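Some structures to go through are shown next.
Paired with chain B in one complex and with chain C in the other, chain A is shared by the two complexes that follow.
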Partner chain A sequence: MIMPYVLIIMGLVGFMLLSSVVMSFLDDRGKFTFQNYASIFKDSVFYKSVLNTCVWVVGSVAGQITLGLVVALLLMQIRYGQVFFRSVILILPWATLDIVAGVMWRWMYNDMYGVLNDILVKIGLSKSYIPWLATPRMAMLAVIIANIWKGFCLSGMFFLAGIQTIPQELYEAAEIDGANAFGRFWNITVPQLRPVLTTTLMFTIIWTINYFPLIYIMTGGGPNYGTETVVTYIYRLSFRFLEYNKAAALSNVLFLVVFTIAYLFTRKMAKEVAA
Partner chain B sequence: MRKLLLSVVLVVFVILGFGKTLTIWIGGQVAELDETWNKIIKGFEQEYGINVEVQLFGFDTYYDKLVTALQAGKGPDLAFADLGGWVPTFAEKGWLEPLEEQIKNWEGTPQIWPNLWPTVTYNNVRYGLPWYTDCRLLLYNKTMFEQAGLDPDKPPRTWDELLEYAQKITDAKKRIYGYGVSGTKTEHTTLGYMMFLYAAGGKLLTDDYSRAAFNTPEGLKALKFYTDLAKKYGVSPNPIQYHEDDYRNMMAQNRVAMAIGGPWSFPLIESANPNIVGKYSVALHPYDVQPASVLGGWALVIPKSSPNKEDAWKLASYLTSFDVWMKWIEEKGGPMPTRMDVCKASKLAKDPKWQVIFETFPHAVARPPIPQYPQISEQIQIMVQKVLLNELTPEEAIAIAADNVNKILGVK
Partner chain C sequence: MRRSTKRKAVRIISYVLLSFIAVVVAFPFIWLVLTSFKTYEEIYSYPIIYLPKSWTLEHYQKISSLDFHRYFLNSVIVGTGTMFLSLLIGIFPAYAFSRYSFRGKAPLLVSVLIFQMFPMIVFLVPMFKFLDKVGLLDTHFGLILAYIPFTTPITIVFLRSFFLSVPRSLEEAALIDGCTRTKAFFRIIFPVTLPGIAAVGVYAFLFAWSELLYSMSLLISKRLQTIPTFLSVFVGQYQTRWGPLFAGSVFATLPPLVVFILLQRYFISGLVSGAVKE
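Right, the complex of A and B next:
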């Protein structure tokens, strides 16, 4: 009795995709046109948003993967209260509502009464309150930091699960052979984690490209176009300017990019499994 | 079998129920006032024998919700639409029912403030009934005026006085500021610039909305003064991050002495700090050449998809009637009615804060009621931000913005 549900879901997804494709080729009066796609590539905001998306994805993913790995390794060392620490550290940021997280980070970054500035000044790292969200570059850095916090849990979880499957004997053998902690990490943990790493990388990259609420809440794509990514631009095109057809065209372009990334990763994974 | 029967009966009930119920969507600041809404709607139900379902939405989510519903042809029977360009935008998409005939024949029409009609008109046809309105004023903190040795009953009237007072109040080391400049990438920044633009004697667009009209010496002067308040004189918190709503909250904590505000600010600032009652006031916003203000508010519109258009108009005219408005003001003391007779007859006429509002209102201009307004507004926001970020000089920024606005309006 699963088939009907599968069919319904497939039908819904297919219908959405199809209607988006149809919309992207129509003009305001419902006639066929390539104008929507042409106008995207003539639009300077589009190029700006692509560049921003690259920075946003590279920064966020690098941060999330690194932090996730470090946290997973540290969590493996804990002897007592494992469940408690895992749930607090790995679940809490992930389970926090996007909107709540966005509002919370915006308050922390506030340069009139923000807690982050207060701490930085009190421990002497900064002389005055930093206006975190006031320039395009700082704002990008600020949203990336917030996104790393929000997203590292997922990669942390994956890594934690991956590390637990590494046979303990490998470490013991390495220790007997005289490998130090770094050597063990580099020559055992990292190679053993490779499949997990690839999957995690794929998921975080795709999710980060499509992730929208945090930027929307914290900066709204500003200042200027400083944090405007492709998805915030699609949102603005459709809901602020009501240019649904152009937004559909841009969504399809983005879909192709995401699809390509997913395809490349899965092909690589399939090859590794075959090898 | 029994189950089947039951579900058939239920479905019939639901269909019948839907047929007779009128739905109204209420968005924006009045959403906090749901008890009063229920009371007033009950009055309508008893008088006309029509069931009404009221749905209230917060301001942040309302626009997306309404646009999605209208686009899908699944809107309510009667909806609130912001006077900042929503009505013509929706009308252009063919989502709204024209109300020209009903408005022409309605007895209340001559009582509506005349400068509101352009906000609900598209191609010379009226699509909405303005329900409540407001205009932007100078909101200021009397305690902070006193602390700086200024007379709290004499707010600044000109730009020079505004600057002088703001400089006296500002103490950047303690993070206390005289005036709040809105510079976020939101509508507030456009509104802020428009207040200064019209006060300098400038205009946003030509009278027929066909091209940009702010690239003039007046427009440049307004842009320079507006951004210099933050950049050169430093009397504002970092404007890129804040807008008037943030400044209102800072004002409640005695951190910012002056900012743009309006009638809607009163309950909000008092809920942010109950001790501020009586220690803040409003005045005409300081001006350079002529008094200026920008109006806002909400209109009632009937979506094309509604099956109960006649009843919806009954509800719209009932809500905008003299008696209902008087009841509303008696209970809540606001917001500002779109009816001039209610403004004159109700207790508001005796309140000095409201007197300022009624005096300012005739000077208030509407945002251009054209479908392209959201894009134009964004160009203004970008212009202000580029100057604030020192990426462009005011001269360059205003020329680029005017150019882009003309492109959006299709000027060849």
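Right, the complex of A and C next:
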């Protein structure tokens, strides 16, 4: 009964991996070479994309985790309207298609007709219209904000479920001992949520590294490679520059990094369980 | 007395904050819907017009004249295929993981978890070449085949957690009564976990529904393409046709939105038990 899984899925994945590895060691004429890997590490766009990926991941993950935690904590405080708030805050961004989220934000960021600039000027947060997607730095900030919107719902759901498993007695006991709200949060909620936090962190980091459509739609990696992450660069190498073998080499490097991150996290989790 | 007033204050503050967050989070989508009903003059008006003065359906007519329903149908086909194939492949390993111990169980389970972490882009070119070689490039089945390595692992993780939540004693009672294993599965486990199975299936469906990268790369003929590709055509490097793009976006988002809201209980419990308790 497990055979279909082993044959089809593992077979397919194994074959893809293998062919990616083989491709990465071939030159244009099909001869063995290390050139693809060498050319990556000589490529200045590669280093830029690595740096961008770090900024993109740190910004997005920090925002998503914080917002997710805040929403989960707030949702636990209320009695009525849970389903309503959950639907609007957590489900709506989740259900929005990647491409829809991309174009929607791109339109809101429009420097002339975008609603974001209009609102910011009206409430006095900005004196003039900001050209959001025109400079590398602002474009990076813009895609990170959009990604926080799109992705915080997942960490929100994880935390919501995690908080529900914390025994209420802990809070009651702490309250009797005179702990204030912050003390209860810091000494009960945070340590109790540790395992959930670790898993959530791992998933969000890996998903954010791999997440492609939002940047592709909003900026296409520009301006001037300002939002080019490793993933969008692989896409550009394959489908714009048609350098399949170099793209395969970069893919394998990316895969190794993702794998290492997952390995480190799972080892840490195993240790926590054992301890 | 003081404690209960304090509680009340916390609750009110929570409502206020949640309402504020809800407005901010919902705003982009509301803006999208509003824009889809504006004429081009209003879309490109300066200063910005918030509510359309004359609600127009021109963009909705435009997309229907561009055969939106065909892309919609293609998306339904690919989504349904992905759903059934990943359930078909995933349901038995999930059951086995939840009930038996067998040689290679641990590495298999680890493989499931690792597959969830593969960057989709890494397999794009190999998949393209593979499908081309076996003659499935530019077919719905080929795209479905390309999706299942990404949907089946999560299917297994979800389903396993649903199966684990069913007490073993249920099946054991059936086995004692003379049921075979297969019969016990279909008579007892399957009905009990059906809502969960449905939710997982819908999850796979919606994965295919919203996926852009593979669908735009692996389907070349226009008549086969899915909604995300349809939408991406309106996005230009220099000029984007916002009206039809947003009208199509509204239609594309409605099905997942409705389904997610209706089934949120199962999604959240499945997602969480899969990821959190692992």
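Just so we're on the same page, the second predicted complex is superposed on the first by the 273 of 275 C-alpha atoms of A that agree within 3 Å, B and C clash if a C-alpha of one lies under 4 Å from a C-alpha of the other, contacts with A are read in each partner's own complex, and residues count from 1 in each chain.
We take it that a contact is a pair of C-beta atoms (placed from the backbone, for glycine too) under 8 Å apart; a residue touches a chain by one contact, two chains touch by 3 or more.
It should be emphasised that the depicted structure is a prediction, and the values quoted were computed from it without experimental measurement.
A.B. asks: Once the shared chain is lined up, is A:193 touching chain B (first), chain C (second), both, or neither of them?
C.D. replies: It touches nothing on chain B or chain C.
A.B. asks: In this superposed model, does chain C or chain B come into contact with more residues of chain A?
C.D. replies: Per-residue touch count on chain A favours C.
A.B. asks: Who does A:130 touch here: chain B (first), chain C (second), both, or neither?
C.D. replies: Touch partners of A:130: none, neither chain B nor chain C.
A.B. asks: After superposition on the shared chain, which partner residues are touched by A:61: those of chain B (first), chain C (second), both, or neither?
C.D. replies: After superposing on A, A:61 lies clear of both chain B and chain C.
A.B. asks: Now for A:112: first (chain B), second (chain C), both, or neither, which partner does it touch?
C.D. replies: After superposing on A, A:112 lies in contact with both chain B and chain C.
A.B. asks: Name the contact category of A:244: first (chain B only), second (chain C only), both, or neither.
C.D. replies: It touches chain B and chain C both.
A.B. asks: Contact-wise, after the overlay, does A:72 reach chain B, chain C, both or neither (first, second, both, neither)?
C.D. replies: Once the two structures are laid over each other on A, A:72 reaches no partner at all.
A.B. asks: Please work out whether A:210 is in contact with chain B alone, chain C alone, both, or neither, and reply first, second, both or neither.
C.D. replies: second
A.B. asks: Can you pull the chain A residues that chain B and chain C both touch?
C.D. replies: Touching chain B and chain C on chain A: residues 112, 220, 239, 244.
A.B. asks: Quick one: which bits of chain A touch chain C in the complex? Just the residue numbers, please.
C.D. replies: For this pair, the touching residues of chain A are 1-2, 4-6, 8-10, 12-13, 15-16, 19-20, 23, 70-71, 74-75, 77-79, 81, 83, 85-89, 91-101, 103-108, 112-113, 115, 118, 149, 154, 157-158, 160-162, 181, 195-196, 199-200, 203, 206, 209-210, 212-213, 216-217, 220, 231, 234-235, 238-239, 244, 247-248, 251-252, 254-255, 258-259, 262, 266.
A.B. asks: Under the stated contact criterion, what part of chain A meets chain B in this complex?
C.D. replies: Those in contact with chain B are residues 110-112, 129, 131, 133-136, 219-225, 239-242, 244.
A.B. asks: Provide the residue numbers of chain C that touch chain A in the complex, in ascending order.
C.D. replies: 10-11, 14-15, 17-18, 21-22, 25-26, 28-29, 31-32, 35, 43-48, 50, 88-90, 92-93, 95-96, 108, 111, 113-115, 117-127, 129-130, 145, 148-149, 152-153, 156, 206, 209-213, 217, 227-228, 231-232, 234-235, 237, 240, 242, 245-246, 249, 252-253, 256-257, 259-261, 264, 268-269, 271-273, 275-276, 278
A.B. asks: Enumerate the contact residues on chain B facing chain A in the complex.
C.D. replies: Answer in residue numbers: 63-64, 67, 71, 89, 93, 175, 183-186, 237-238, 240-241, 250, 255, 371, 374-375, 378, 381-382, 385-386, 388-389, 391.
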